[in-house]
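The same chain A turns up in both complexes below, where it pairs with chain B and then with chain C.
And then the complex of A and B:
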């Protein structure tokens, strides 16, 4: 038990979450105390992890189970930023819909702690611990709207499939443990590379390879890559929109971190094997996600398929098997998270009690009803479509560059063709908002701080598009 | 000289502000012309700032004799556009003018960037304001037209992006000048040429990927059509000269017959299509495609002449293509604005709804006839110069190419003048035409300025010819030496 200070933000956040949980029992259910306390905890954790980021060299603690490096501190910072945004946008939504508020915020905080643990874990057990903390909180969040049968159905699906995926992941990890005799990813990496004293025999590598396959299945499920994507649209559609927003943003960053830690940190010597698997999943995700999204009339389902396609692009960078490729994917994960956050933020702001924005037609004429929300949505859609000068273009550019550099030109060409298909349904949203007449004349009221948050978020989408260097250099620093 | 981005925001004063901004931009762009050193082919007025060091992308801009006239054209057309929108646009004028100003900045960026990614960013970013302009202020079928426009051009340009990335992986630089020097074998050049062709052929547009253009033109508001025809189409022709030819000269030479054939199809077949149109805007849109066919013809006939070792003919063809681009910029903008003037009064673009406009709008009719003549390639107007140079170059290459190309002089005259006859001449067609009032001072200036430029280039083509000689010679040098 050494070096506890590398985990200060996580320890603080967990302690604060427990405190918020207790406070939540005693305050009036209608007051915003729990909300503000949650935001405060996230903010302090953010500051803590931000001050840690200047450290430089990687520090490993707790017998190799936990690592603080620039990779983890950058991702944690972004995780917390995105979580703060999620809480801000969802405050009024959960308030209006008789969802248990204090539970909602506490579960979000628990999930955030879980994600932070996932990002820093360099030991399979810690990683699994973080993953389950995240997953269990998410199952509960989806089911939180308990009178809603669709939410209950979504939660059930999510839970059953999620448990199956966790089982796969655990089984794969156990095979790797059998092959190498260690759960510590650094040690596994050394053993497989043949630099450790007990270098592996051919049979043992086969065992690790067998385990790798199951690990990838588990990871693909958590990311939502084709062909393990079946849960994504149903859960996105069934869950309350605020929960969908949460599921679709920050956990993608965490799942990406887990992918890198496992495949690059531990199993890099097997890259010839996982490169092929990821390339196929990437191609399938990009094609299936974009093509099926066209047919969707429910905007949450559409964004679900859009997420699947973005996961395909995310994997494209990892397929490169170079440090540039990994940092490209990291850049992609971060920009994807805050761009999608803006899109969902607008959906939540445009909803009101008893009338959620669910189908595309609900957005008709938003440009006339509230030009500000419509512009933020437009920026977000342009960025997701990958049109310059929004930040999504640079994300696509960098992963495509990685794929072409690694000799996967066919994958890159497939990717760009599918991004044209993708542009169609993103444009349809813009078309709905600006070119169609409103069907609903009720005035949209947006709270002042939510407006400010959305403005900052929209500025980030365009601002990092004009100067993506800041995130990009952090991503490059994480892999050098 | 920096790429100037004006973002016209504001409310009721937006008109005056946009006017001031556009005139200022035009004035600021003038030193580019007068301070231009005509003796060198090197890039001038360059600026190079590291923009995205992590991507190795630089904010590198500069102009040479090919891009500079196009920039002047852009700033000039922007002034005209602001004049044209002065009274006509009543729905959200600030956003409308703002979109045009942003687009002007982006288009200047396209013509001046010396970094392939920067070029791509500008090239793509122009789609967004145009998408909104057509979609919000367009005609009844605007949504279909604008989505088609966006997706068509987006599909073309993503192919270019892959080619740019591929070349970066090969050569390690995004700089356009480095890409020009990049050694590529036959196979690589072939694929890169195809990728660029996908982007530029859609933009120009060449037959058979031209179908987005009539839709977009017809549905766009008048100024949108004018900018689309006058400048956005030129981005494709410029792309050929700046990217395809110097980067893949051997592939361009290998593909020249194919390119010449589809250019001729554009010139002749689309000319016939134009003849059959009943909608004035559609007619002008098809005539644009036909005229842009001349641009690609002039560019690719050069390779036939290189094979014959006729270097002066090569330069003639390419310069003809550039002059044709500039001249078409003025003429097509003017034609669309003329249609716009009538549309504002009658709210119809059907040729059949008019007749005898000359009786009620004599001044306007004079302008309209003048521009129609220019469109048909009457000597003394700018339309003649470019077409004549290209035909002359084709004649040196092959008589039959020249023969087919020259047939456009007849076809072009036929469809334009026939339209003029039905719309302008004859007795007053109906009550609406009888109630027309002639153009006001604003419209007079708008058309008058364009007429001056059309005449100027027509009688004194060296006004742009001089600045481009050095650059074109350099280009000819580049494309006539093989890369392997």
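And then the complex of A and C:
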């Protein structure tokens, strides 16, 4: 038990969550106390992980199980920022729909701590436990709207498939453990590279390759990459919109971190094997995600397929096995998270009690009803489509550059073609908002702090597009 | 043949017999009892491997807790197994085929060079004066793996919170009693003596 202080943000957040859980029992269910306490805990954790990021060198602790480096502190900071946004946007939605508020916020906090653990874990056991902490909270969050049978169905699907994927991941990890005799990813890396004293024969690494395949299946499921994407549209559609927002934003950052820690941190010497698998998954994801999204009339399903295609782009940076590629993917993951956050934030703000914005027609004429929400949605859509000057353009450009630089020109060309196809359904949303007549005339009321949050979020989408250097330099620093 | 080998073969034979009986016996209660026997003998095999902690856990958790629940469910639900067995003969060839393929795969894997047992280091035998593995596990769990252990605890907490949040409902129309109010009840609050003039019987 050394260097316990590198996990202070997580330890603080977990302790604060337990406190919030207890407070939630005693306060009035209608009051916002639990909400403000949750935001406060996230904010303090954010400050803690932000101040931690000062030192440049990686510090490992807890017998190698936990690492604090610029990679983890950058991702943790963004995870917490996105989680704060998620809580802010979902507050009124959750209150109006009679979802138990205190449990909702507590589960969100638990999920966030799980993600932070995943980001820092350099030990397969820690990583798996962090993942389960996240996944279990997510299953419960999806089902939390109890009177909604669609939510129950989505939760069931998510739970069964998620458990299967966890099983695959664990099986793969156990095979790797069998081949290398260690759970510590740094040690595994040394053993497989042949630099450790007890490195196995080349024949024994076959066991590690065997495990790698299963690990990739598990990771691809958590990311939602084709062909392990079947759960994504159903869960996105069935879950309450605020939970969909949560699932589609911060966990992608955490899953990306896990991918990097496992494949680059531990199994980099097997890159010839995982490169091909990731390239195929990336190509399939951009094609399937973009093509099927066109046919969707439900906006949550459309965003689900859009997520699948973005995961394809995310993987495109990793297939090259270059540091530039990894940092491009990291940039992609971070910017994708807050761009989608803005899109879902608008959907939640435009919903009201008894009426959820779910199908595309609900957005018709949003520009006439509430120009502010419509413009934030527009920013988010052009960013997702990859139109300059929004941040999505720069993100796409850098992963495509990395793919071309690493000799995956075919993949980059496929990505460009498919993002042109994808632009159709993003621009259709903008067209509907500004050029169609409203079908609904009820005035949209948005709380002041939500308006402020959305404004900051929209500014981030456009601002980081004009000046991507801030996130990009952090991403490059994480891999140097 | 050493005694150890002899014991292993005895246990292995019982495991195979009991596992077959689990799926072939007609009475679900018998199946559950055979499963208990399977677990017990597996625990014996683990004992032979000097994994006494796992053996004890298997008996305590699976036999003691899980199987008891299982038996409760089987007895309470009164499952009619006859419909489940229909088509047994019809699907038997497919089942046998799948089983055979799996068997061949397994044999193939463990006899091929990559997964052969000589590819993996033989664990050293613990000497008699070394710690028992329960103690060793305990030391590891509370020192090196303390952080992971705590996360596991948090996961259990999440499971409890989620289970309660998903199932507990406050129903305003439920009738219930509050003992404190009941005890505090006095004659004054409940009984009213009404004075009435006497009336003649009509």
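Operating definition for what follows: the second predicted complex is superposed on the first by the 480 of 480 C-alpha atoms of A that agree within 3 Å, B and C clash if a C-alpha of one lies under 4 Å from a C-alpha of the other, contacts with A are read in each partner's own complex, and residues count from 1 in each chain.
Keep in mind that, in the parts below, contacts are C-beta pairs under 8 Å (C-beta built on N, C-alpha and C of every residue); 3 or more make two chains touch, one makes a residue touch a chain.
None of the values given here were measured: they were computed from a predicted structure.
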Contacts of A:405 with chain B and chain C, given as first, second, both or neither: first
Contacts of A:287 with chain B and chain C, given as first, second, both or neither: neither
Contacts of A:450 with chain B and chain C, given as first, second, both or neither: neither
Which superposed partner A:46 touches (first chain B, second chain C, both, neither): neither
Partner chain in contact with A:243 - chain B first, chain C second, else both or neither: neither
Chain C-contacting residues of chain A that also contact chain B: none
Residue numbers on chain A that touch chain C, as the complex places them: 1, 4, 7, 14, 18, 21, 62-63, 65-66, 100, 103, 106-107, 110, 113, 117, 123, 125-126, 129-130, 132-133, 136-137, 139-140, 143-144, 146, 178, 181, 201, 203-204, 206-207
Chain C to chain A touching residues, read off their complex: 113-115, 119-121, 143-148, 151-152, 154-155, 157-159, 161-162, 165-166, 169
Of all residues in chain B, those that touch chain A in their complex: 52-55, 117, 120-122, 124-125, 127-128, 131-132, 135-136, 142-143, 146-147, 150-151, 154-155, 158-159, 161-162, 165-166, 168-169
In the complex with chain B, residue positions of chain A that touch it: 382, 387-389, 393-394, 397-398, 400-401, 404-405, 409, 412-413, 416-417, 419-420, 423-424, 427-428, 430-431, 434-435, 467-469, 472-473, 476
